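As written, the chains take the letters A, B, C and D, and residue 1 is the first residue of each chain.
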């Protein structure tokens, strides 16, 4: 494997990636819901590939009952329920706030209906401060047994196509892992006109306190994130990479540079970091540094020499 | 919550459970693939609720390339590929071997077609040494991108119904977690005539070595087990408990008595222990002891006072 | 301006760093006391603020744990924590030894406000809530503000901060389940007695919903400014995840605010105490 | 009877227990040496057998790790392990300190066979493979069997067991990448030289596929009985999970057998060496 051979001189790492038309200076960005303005105190947003605030809903939302997070082995479950100040506040405060940074803003949209997605995409996608849209078609926290748009290929296709019709901004579909065949949802997104895929949102999960006999979360169920589920996600990234031509943003359980490299080898062009920022507030910058050291160690000049390069001896899937 | 109040005197725990017609002296049994004759050196099989050897295939199978296991945070991935000596060996050696124990034998069947399932169920189900059948309709290790019978409700229904037609022995369907709505597969199993549900087999997963760029497993993908995925499984047990009347055998990530209690609160009537036996060979007996201490601590006389008793303040799902 | 908008404005430096453990010892059956070197901290620490501490990710303690400062020692640049051993995190914390370091993010959140002209304040603490109020007592003592404190606990064993408070010259009342003195009505009588004898300029509470409702009731009737330090399960501890919320009433509107950023200290009257 | 059926018959007591660490020290850049109290073990330990050791589940080392016994000291009832630090597990193992205990399951597997009438044996070890062969050299020395050993390693630094073997009276040949002497052809020459000078009754190898193929070739030509200790990733280490398999040829049939139960020691001629 020649790419792994130590190259004579390392002339600096090329970390730029293009995600469905959006140019990023490096592949590291926050995961929605684990990032916000108050993190400016702990890291310089200019160092990130993109900024990606919490999913926004059309109207203000109160969110779920507390406790909203609980800890599990190698992970956590959350059921924030998308507490939100609504689109107006977002347009007036959040979008302008990020203008001060030389980093593209990806706006994550959550909505209760296809129409609402279209309406919000119209407003946000056509706002000059927004560089790309991530459609959160996968949030499992809503009532109704964790159902999400992204659990159905036809709905995904319809939704994507309608949103595509209303805006030209790069469109990223954030998929849910709670499906039988993620490839089908990936293809539905591609056919609907998405420019990239975020793989993936959280797994629907539940934890019960054996002393109180109550669920650990006020909302009973929530989404599990963190390193414990990463191997399932690496598999999904690999499957989506085989099935679809769209660039992939890997997401789930990335705690360090090697986790990010693993996702990129599986096929991700960029990587989101969520829960790791709770364990270490500046985790994103650490991940980035570790990617650079890795590339230096192995003499890899361009991050594209890693993407999708997992290597097989024998078995190739059909 | 009166069941949690300390009762005056604890007159011994009633641990007997009935799983779809099969009486077990206690709810703890091994998970298929993590148990076998050579464990007799480390624990007395008479103390278990049931014995459950590795899934058997009709013909001998070589299994997958090594490495067949790898470690991940709070878990492991395996791709054994059901190495098997075939049904004849099983009938001649395995079934008679377990006759020496006063513990029911559940035979796990794996097959490549519905017809083969029926054929094997006919032979094993009508063998007096076999007390129940577990249909492994969920093994994700087979080639073809991890597809399994249990990913499709119609196939599950057909398969179950045909097997039901051929034998009267208690029939347990082992479900796969790699589905959009596990409730649908549970109901298909119930309608097809299954007597209980094992929830669940492993999640399809993958791990890549960032230094060699190769998958950690010879088979590329495998099934992830262990405590990291337990919260997803607790959720599934709870969902299946709400949807179906069949007794549930919880399986996945049980490392100690509290994990088993958690699954029982969610709705499991019995619990399988797999990976934990790799970490601690006598884990099953420890789990059992911890369940007894727990019941004593809270003055619970009958294990049925725990099953399905997760307790809600507000939210009840529809 | 609303509570929740206030704190995006001030840019205070918060650091996540390894701090050295100077001691970490068990002080009673369920309580431990840890002293760390605070010389490397970027900002001053205020009573009521907290640190988000990595208790050690072994033992499955994956997330960090929030702990308020128990004592702030400016002279020798140390910080003290008092913690109750409860679950995985606090148990893991007890394993850390003198000389080792612990990863600690802070100081975080908004501390108590102590008016310049205050003469006498009232502290009402339940259980380990005293860990949070003690730093305030220490500051009050430094500023010459007199303190009356009511400490409520399961048992005498859990009342270990009483002597420290007395050392600060506080008038300390202890109530316990052990003595059968900790019921709300008895505490009400003690508070009524204190407020009858003294002119209380402000009241502070931490550690019990029941007692907080009581104090809310008394202080609103008597028009005494009061603050409460709240606890909620946290994810990020820096205001981005919205895990740690509670409801406050401002301008007749219910607002859901973050304990880690807008709190943990809130005006007692604004907090909607869950039943 | 086939290899794989053999071991279900004998009921040997195997225990999973906490054993006390008497020392655990770094002996070279990459190697560590651990001594444990073996007085509580249920059975005698044979060279080639291994223990399945819980290196500490912190640091994400979830599964146990297999290590063969390096020395078996019957007199003071201790066992020694020599291990190479590689990943999470072995790194976690280095953190364990004298006086602490380590959970250890064993002795497991089938050891080497050393014929009663053997006069001279040949050991061929690569890298940490010597950790597995050393116990055999120790036993040979005890039984008065002479030993010739070829130790292959990256660097001199990694040849640390050489002196111990010399202490047992072994004739030791060292080859390294550092010296450019470790190529297969040079090793072949050394083996040819040893077999020319001595009547070798049995040969044993561990640690290198390349060298094992070489030894397979030479010993089959010369009709010298030979054994190999194999390594495979393990799940259960007790023969139930079929993670640790390798292919052997018996009666012209390929059989997939378990390294943890039927091995780790196998007749060299039976093993199908992957290319």
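Going forward, contacts are C-beta pairs under 8 Å (C-beta built on N, C-alpha and C of every residue); 3 or more make two chains touch, one makes a residue touch a chain.
Predicted model, so just to flag it, every value in this text is computed and none were measured.
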item	value
Separation of subunit B from subunit A in steps, with touching chains one step apart	1
Farthest chain (mean CA position) relative to subunit D	C
Subunit C and subunit D, separation of their C-alpha mean positions in angstrom	58
CA centroid of subunit B to CA centroid of subunit C, Å	47
Euclidean distance of C-alpha centroids - subunit B vs subunit D, Å	36
Of all residues in subunit C, the ones touching two or more other chains	57, 60
Touching two or more other chains - residue numbers and ranges from subunit A	72-75, 227
List of subunit B residues in touch with subunit A within their complex	1, 3-4, 65, 72-75, 77, 143-145, 151, 178-180, 203-208, 210-215, 218-221, 224, 227-232, 234-235, 238-239, 253, 258, 261-262, 265-266, 294, 309-315, 317-318
Subunit D residues touching subunit B - in the complex, by the definition given at the top	7-8, 11-16, 54, 57, 60-64, 88, 103, 105, 232-246, 256, 261
Subunit C contact footprint on subunit A (complex, rising order)	33-42, 54, 62-63, 66-76, 78, 80, 83, 226, 277-282
